[in-house]
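The structures considered in this document are given below.
Two complexes follow with subunit A in common, the first pairing it with subunit B and the second with subunit C.
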Partner chain A sequence: MTDAHITIEDIASTDAQKHVKLVAISGQLDESNIDEKSQEIYTLINQNPQGLFLIFDFEKLEYMNSKAIGYLTDWYGKVTEGGGKIGIAKAKQNITDILQVVGLTQLISLYANIDEAKFAVLGG
Partner chain B sequence: MKKETKSKKTPFSIEAKFPADLSVLAFLRNGVYNLLKQKPEIGEKLARRAQVITDELCTNAIQHGSEKNGEIQFTLEYIKDKKSSEEGEIKITVKDQGKEKRKTRRNQKIHGRGLKIVQSWSDKFKTTKTKTNGTKVQSTIKTPNS
Partner chain C sequence: MENKYLLWTVAGSIAFIPAFMWMHFLFKKSEEKKSTLVVMFILGIMTVIPLLLVQYSWKFFPQLNVGQIEQKIQNVYLGATVMYLIFAMMEEVFKQWLLRFADKKWLLVKSVNDSIKLSIVAALGFSFAENVYPYFVSLLQSGDIKSLIGAYFFRCLFTSAAHIFFSGIFGYYYGMSKFTSDYRDSEKSQGKKLYITRFICKIFQIPQDQAYREQKIFQGLAIAMGLHAIYNTFLSFNKIIPALIIVLIGFSYLMILLRRSSGTLDLVTDISTKTTSQIGEKEKDTVIELIGQYMNEKKYKDVIGICARLLEKDPENSLAKLMKAKAEDEMKGVDLYHETTEIVGTRKEVEDKSTFENLIAQKNKKLPENFQNSPEYQKFLEQEKKKKDQAETFKLDAGSGGPLI
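What follows is the complex of A and B.
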């Protein structure tokens, strides 16, 4: 199985209704690991069905395949259904390129750094 | 009458056969990327796209075109135009052995984007059936990116 790691951290929020998480993904997401790795995010969504705000830190994400993009789209649907939001920070150029070609950047915004993503996702 | 000469040459062509197993994907796609990025006229962006195309086509061949213990044939060619020091094309060809068709239910929210990405980034894309009922897919990317 290809190497990939997900770490999830809480981000403090002044609004008790908002559950804000920083999700850092490193390594390469492909067909050999994405089904298993995606479960960590589904668990997070199931634990916070309402008001979940996810900021993905892609600084150390080197590769993602089309199925990983499929999961990201599904997470977007579930999170927004529950009144939350998703933002992506620090994506490498090859990740940005693949997100753009499938049109996902029209749904999920990309940010240069975590602070910018936090500010935009949490509404300033 | 002038004799026609081939206007293209192949700086390299690599052919590999590997087991139809998902564990080989990272090695293969990263190898393609590392090889192509060394050519300045190809550049980082096209090398990365070739990496994705390799991964998506091989994933499809392993999952949908191969029986257990099957084999995939992979070819990477970099063909340069003799008339130009920069223009050329990258050809990625993946051939599987075919397998019995089974109806499988797939979650359409998750699947179905791989070939669209490959087609979007290919200047030419073709799929043909092989004599052994397998599938041969070929993606061609022109260099430099225009």
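What follows is the complex of A and C.
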């Protein structure tokens, strides 16, 4: 199985209705691990069906396969359905290329750093 | 008619009229060069020569005579089927050889539709020659005008349409074989396992590209020969209706194939003008995989959008062009089912299950561009800094507040 790690961190929010999480993904998301790893995000979404604000930190994400893109789209759908938002920060060029071509950047904005992502997702 | 020259001239002239009309009907809007069509037509006429030579050789090798083989088979139906299958095989083999020869020599096939059209022209040439001799010459010689008129209309309409269909189908498969890498990759991206290709690869110890190419050529030839044999057998037993049904459905199917955008794509890559891709190979593979997945899930709008964006980064990507055209064909419903329902007046709308398009439509709030320069964002940054400072102070306080022992 290819190495991939997900760490989830709470971000303090002034609004109690908003559950803000910083999800850092590192390594490679491919066929060998994506189904298993995606469950961590689904658990998070299930625990916070309403008002979930996800900021993905892709600084250490090296590769994502087509299935990972499919999951990301699905998470977007679920999170926005519950009134939440998703933002992606610090994605590498190859990841940005994939997301742009696929069209996901029309749905999920990319940010240069975590602060920009936080502002956009929470306050923008 | 006693004058032989006159006989052949009349037979040739009356056989040329329908051939010309078919050519006009099929290629009036075509971009194919007229000279290319004429050359292929003449070469198509010449394909009867090897057939006549084979038949002539039976005089010396009667044991090879198909008629004798038929007589040795007890069951009349089986005997006729075998005989017509052998005839069909010979005709189709020579016609397909012609297309392959012409393309190898002059590089005529630049798209799948080119392949279909050239194959059709060769078939019309063959059909023209077959109509002249033996049919029209013998009927003119017999002086049986009633039979001549009946045979004329039947052969000019249905037999020609049948030849067009059989050869067109082969042309379609030959076109796919010519652009092996694009068609094979598009099938692969849609999750097709290509068991036959892999089997051929293993048995003949050849590369996968070559195996796929040979498979498609054989597939096209087998379908053309099989249908031709069935058509001939029906006719030999005077089963006109089923024979006509085969031709009608097959011809309609061929016309639909010719209308597909994916068929008109010029897939020949000019290496001298090839631009560099702005996306990595691994990333491209990921996107292509997703495109295949979305095609299977009937997310045609998404496929079209993704392919268009991929082509912006990699303009020469012929696989993206092909998949985009295929999705457009699916969206338009250019297939036998949708076209038939249109004729009957019960056209069904094409089902599209695209997700991105729907999600984009749902997306309601958008951040203004360059928000990083806005006072709101600067204020937000200050607040964040304050929070961090407070947290740091808290940590320090907690550290200094402990026991000092």
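Here is the rule we use: the second predicted complex is superposed on the first by the 123 of 124 C-alpha atoms of A that agree within 3 Å, B and C clash if a C-alpha of one lies under 4 Å from a C-alpha of the other, contacts with A are read in each partner's own complex, and residues count from 1 in each chain.
Everything that follows uses one rule, which is that contacts are C-beta pairs under 8 Å (C-beta built on N, C-alpha and C of every residue); 3 or more make two chains touch, one makes a residue touch a chain.
Not measured: the values here are computed from a predicted model.
**Student:** Fit or clash for subunit B plus subunit C once both are placed on subunit A?
**Tutor:** Clash - subunit B and subunit C, as placed by superposing on subunit A, overlap.
**Student:** Could you say whether A:Val101 touches subunit B, subunit C, both of them, or neither, answering first, second, both or neither?
**Tutor:** In the superposition, A:Val101 touches subunit B and subunit C alike.
**Student:** By residue count, is subunit A touched more by subunit B or by subunit C?
**Tutor:** C
**Student:** Based on the superposed arrangement, let me know which partner A:Tyr63 touches: subunit B (first), subunit C (second), both, or neither?
**Tutor:** both
**Student:** Pick one for A:Tyr71: touches subunit B only (first), subunit C only (second), both, or neither.
**Tutor:** Only subunit B is touched by A:Tyr71; subunit C is not.
**Student:** Scan A:Gly123 for contacts with subunit B and subunit C and give back first, second, both or neither.
**Tutor:** second
**Student:** Pick one for A:Gln28: touches subunit B only (first), subunit C only (second), both, or neither.
**Tutor:** The first partner, subunit B, only.
**Student:** Please indicate which partner A:Ser109 is in contact with in the superposed arrangement: first for subunit B, second for subunit C, both, or neither.
**Tutor:** Once the two structures are laid over each other on A, A:Ser109 reaches subunit C alone.
**Student:** For A:Ile8, decide between first (touching subunit B), second (touching subunit C), both and neither.
**Tutor:** Neither partner.
**Student:** Going by the clash criterion at the top, which of the stretches 9-17, 27-35, 81-89 or 117-125 from subunit B hits subunit C after superposition?
**Tutor:** It is 117-125.
**Student:** Once the two structures are superposed, pull the subunit A residues common to the subunit B and subunit C interfaces.
**Tutor:** The overlap between the subunit B and subunit C interfaces on subunit A comprises residues 63, 65-66, 69-70, 73, 77, 94, 97-98, 101-102.
**Student:** Can you tell me which positions in subunit A touch subunit C when the two form their complex?
**Tutor:** These residues of subunit A touch subunit C: 12, 63-66, 69-70, 73, 76-77, 80, 94, 97-98, 100-104, 106-107, 109, 115-116, 118-120, 123-124.
**Student:** Please name which positions on subunit C make contact with subunit A in the complex.
**Tutor:** Touching subunit A from subunit C are residues 278-280, 282-283, 286-287, 289-290, 293, 302, 305-306, 309-310, 313, 355-356, 359-360, 362-363, 367, 371-372, 376-377, 380-381, 384, 387.
**Student:** Would you tell me which residues of subunit B are touching subunit A in their complex?
**Tutor:** Listed in rising order, the residues are 22-23, 25-26, 29, 44-45, 48-49, 51-52, 55-56, 59, 62-63, 107, 109-114, 116-117, 120-121.
**Student:** Please name which positions on subunit A make contact with subunit B in the complex.
**Tutor:** The touching residues are 1-2, 28, 30-32, 63, 65-67, 69-71, 73-74, 77, 93-94, 97-98, 101-102.
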